[in-house]
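Got a structure for you, questions after.
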């Protein structure tokens, strides 16, 4: 019992040490700017009020949720469909197409930044939710990962459903998706997090403040002061804490599924 | 109304500066009910340049935009900015502008921007620190040696408390210190590249030694220039050379301990003019361009400029600004806010050929290498000059 | 009408060798046909072709009189039970059973009623709201049956449905399937590699080897008159003993014949019996409850004999294995095909061995 | 073709057949359409731009052949960036894998402390990189930094973490590892849980020297996971950007100027789109080559079927 | 010396209920002891306790005369074969076999030689350089055996080593293990839930239920004199028939007795035989090759009988099941424990049924 408790305490201590930078940034977010610069102690909630009120973080939060949410849903849908096809059919060109999907993993997003910007400008989708969402939807990693996972699901399940009279889409939706739920959930979390933290693309694609996501809000706050101004770190940290919270909640919610979801896919 | 003309305007001001700008815009819209200024705070100067560059091929450029004074040349050169020469000439305002303010907007003989926020570097110091370091009265702060002496004494006395003698100069201040050594990076009139001129080398040697040799400036300031200001604001550094635009913030942090002095004059007295002006995009509709110009002109008026000056510490650009009550109050209440103005005689605009953008971006790396003692100053600058000349050729 | 006719079925998988080499079978309406054969002989393939999960490479499949080669699985009106049951792990037993009906747009009320009826028939009612993960192996098996039964079809395909159960449960479920077949009057094609299942369940047994059908006949015929040595050796537990016919005393058979002797056809004697017999040395005896399996070395090779425990001779180390020449199976040594039953030789031959 | 009723009867089945053949294509179509539009089209555009000179502003984009590539390949900066990136990858990838495996093999247990630690370790992975960069800039600052503060308490001299060209890269490697470790650990835990416990039981009955068993049984058996992480972390190492941008902007004096930072600088600070695109293309080719080599050299060896 | 003594072994898992409730067994040096019992009764737990993979909660384990409670597995000098063989998939057969020696720091040359020697004994030589993935089930099983044998120990623990093999292979491997035991003179503790394996392999069989040892005796004793109703029902294929003793004619037994009748103890008659018998209606008959299993309804409940096919009465629909009262097992209805064999009642009772 005591050994157990000591282990728990040790683990907690190690965790705290590991997290000290994050914890420090949270602590910082409750300080006044002046106190921060002068090294005194002066606590306030003002940074949160300011970032939410004056700097529109409530709106950004909603945008981030809309954008990340839709990207996650649409991305998962497409990736799952493709993963299903790659896992269950051998078709002419299938290997090549799959390679094309996997190869997207090797492509730094910066390569596609300028051309995508030009493309979306041409069709007039900059400064729209669609412009934020569309380029982020295709997720080669998710497709790759889910394909591996689906390959681990006994094919007999599909076949049973076909015998029961299902169409391929019904098999996908009624059998594969529920069975692969842990994997899809954890992939969803990954997509959501990476989209949530995505900031170069929204920075470029959106100039309308009403469409800012949290990360641009954060970056803007960070670069708020003109060339010669200085950064209000406590405010930035308050905003940054705000951007962490929802993802953290999401993580805690699906943590249970996470390992299980990864198990089959990652390992095969 | 259907006749309302909307001017999309990108700028770089947030916080209290942004609020001051908003007031000016409000006043303008009140005076011009048919014009709607749609202002957007895009980010810092670099962000604006980046956004603009991306916006142009996408046909999404704004109508008017704030541009840093050394970096609009590229856009002027490529025909992105509207030539304002005729408009300025026809505007009675032009006579009221200080010479420097008119000059700063001219590129290759044509006027492309009208200054809005102008600044020079000034020298700030923390009187409390100097006091504690044993300076009973204000020491001379004219030459390189003067500065070094003070910085060394501070560091000797107070180094144990984690106080540095000086904040390593940022790029704007470096440029100023080079000018004070009777040189420049690029000659503002001839466009000659002076990066490897002996006086420039000497200036960089002195600056680099502050960090590398004498250890009176923090290496942190070299890799992250913002920390130079943070240190000063936090009372961890005795001297800072930085834009006059920092006055408001510094005053707030240090109160009466803040003293402002002109930039040192090592060989000559000279200082660069920084800041930004507003330009108009050439592709905008004529009607919109006119409306935009109206706004530019209004922003440069004594009334507007006084608001701006008193709130931010940026220099007046209009000769009549000082007559405004707001400005008078500021000069009376805020000792040191006038230093930049007084320094104007020796201030001059910097060159703005397209290569400057490249040169400024590269200078950071070079400075780091020198200040951190990784490369010999002279050799570095020769290499830098070499590269800059090559780049200039490539761009033409 | 749900007779299934297979005509010259040929199948090769893409990038694979040929798996079926012209299999023809006529499965009658209402018949319980069992396909047995060693692993990899093509049993599952054949079943999957009937189900429509694979496409034939040649030959014809007729189901209920209709050519089915190009029909999709869902159009063949066939229910299938898979080796690992393939229950939907995320659905309750009720949903699992009703899923086929749901896909066929049967109204909810009807399908729920049907699911409950089927569950009752299979004694699954208490488990209707459990998920498969919370069921025992036998219960899962019954759910798989239920899923097939809920569909209103009279053709069932089953691929080793009992292979994952332990022995006791397998015996029990075997009985249940057999009883169900009686009730449903369905046509069942059942794949297994367990010969006990094959013999006890089938109306007719099809024995396959390497993609060829060896024999398709009643269990009795298969057991008593195996078409070839393979079939003879495959069915029977313990397996049939083989020896060169010429090594067996008292047997008149062509010289190149292989003789087959079922273990239960060997009688044990402490001393040389009156009829043909082999002297045997017991190398291992295994108790199986009421009986004993004796592994013996004889002059004709290794032989296995079975005997009730109480009939064991007092000194089981050395004994005589007597046999009735009329019960010896003969096979062609080269081709393995069955030869007519041998005639007994004059009795003296026995002593010469 | 045969006419008449026979054909008519066939068409229904034939249409079904066509539909069935088309199913996988229809399923991958949406994803591939998006990938084509937003990934491969841009690459094609980049390839095109890499042969041109353009600064975004000029209306025309003159064709300059391989000039951009020549400039890049003869520039000191490119080779510097390549070297920096390679060092980053060579150090951080093994570091991540080794640390993650070591930690994961302790955290694989389903005890409370293990779960708490797992959560803690994962937190940085979901934290915004910008915020992390900002905090660590402070942690490693020379004058005010946390680490130097501790050093001072211990009587050690100040270290210029972020100013020393060698150290700066290590600091970045450390911070990046800190951020990514959580992912790696979770994935390793998944891999470890897939190793049948009986294998350990067998080893422990057979002689159970812990480290030996770890080396001879655990390590080989999580090879597939290691390979997966290797692929991911190498890609990651070659694409690291934000943390560098925030903490050092490639400095001091280019010591941490990763390829993508150079790409960003050339393309977006210096507006040399042609050279930026050429760099992008080179980076892409490099990553694909690495992936293929990896697959050839080790990919084959890691799968066991049992 | 490798006798294993278990004294009052108690085991509960952390956060779980008690799994073993005081099990005592004396396994003699060189003995082949088989533990059987239904799933979850604690067989594997017992084995793992002996191996040292789990710690006892109470009681003592003595191995070769030495108290082993606190010894680490590797110090107990025991080899173990796991249900799924636990072969290292990344090692060749040779490496797998030699790994135990490697862990014990045996020099490479020695362990290679030993691996080859063992492989030869198990006819694995051609596969020495293959990995387990490329072996068949039976070969894998032999590698697992080989790994255990390579270790120079005389105590083997085996946890359902054959459960993953198909029927034919299982029979074959069973024989091999039995022969191996003869050769190695090892002490073997073997866990299975297959009763055929238990009876045919064991010197003594331990039957467990719910963490309690029911009986530990020779197969014959277990089969012929089961200690209680559970043991009686668990062993025997098909299983023993149970009925209320009072429902059986011609039986003199206490009123609350349960009578057990093994299927093979029932004799089939077309007409009422001379001795005690039950009238039966056949509900299902299953052919098993030479024999038939008959499932019947009788006045005393369902009964299973077995008979050779040729001995089947002409009309198998209705018949009489005769039995010898001396062969009836009697159990206490409440406790299930065995009662002394019954005596026959006067013959007339038969007709009154």
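For the reader, a short list of remarks on this structure follows.
Each chain gets a letter, A, B, C, D and E, in the order it is written, and its residues are counted from 1.
Here is the rule we use: contacts are C-beta pairs under 8 Å (C-beta built on N, C-alpha and C of every residue); 3 or more make two chains touch, one makes a residue touch a chain.
According to UniProt, the chain labels map to these proteins: A = sn-glycerol-3-phosphate transport system permease protein UgpE; C, E = ABC transporter ATP-binding protein; D = Sugar ABC transporter permease.
None of these values were measured; they are calculated from a predicted model.
Here the chain-to-chain distance from chain A to chain D, counted in touching steps, is 1. Both chain B and chain E are touched by D.
Across all inter-chain contacts, the pair with the most C-beta pairs is A-D. Mean C-alpha position of chain C lies 54 Å from that of chain D. In whole angstrom, the spacing between the mean C-alpha positions of chain C and chain E is 25. One finds 39 Å separating the Cα centroids of chain B and chain D. Chain B has residues 54, 57 in contact with two or more other chains. All chain pairs in contact, by the document's touch criterion: A-B, A-C, A-D, B-D, C-D, C-E, D-E.
The part of chain D that touches chain A in the complex is made up of residues 21, 23-25, 27-28, 30-32, 34-35, 37-43, 45-46, 49, 111-114, 116-132, 134-136, 139, 178, 186-187, 189-191, 193-194, 224-225, 228, 231, 235, 238-239, 241-242, 260, 263-264, 267, 273, 276-277, 280-281, 283-284, 287-288, 290-291.
Chain D meets chain B in the complex at residues 55-58, 137, 141-145, 160, 162-165, 168, 248-254, 265, 268-271. Residues 48, 51-53, 72-74, 76, 78-80, 82-84, 86-91, 99-100, 102-104, 131-133, 147, 151 of chain E are the ones touching chain D in the complex.
Only residues 39, 166-168, 171, 174-175, 178-179, 193-196, 199-201, 219-220, 223, 235-239, 262, 264-265, 283-284, 286-291, 293, 295, 308-309 of chain E touch chain C when the two sit together in their complex. Residues of chain A that touch chain B in their complex: 34, 37-39, 114, 117-118, 121-122, 126, 204, 207, 209, 220, 223-232.
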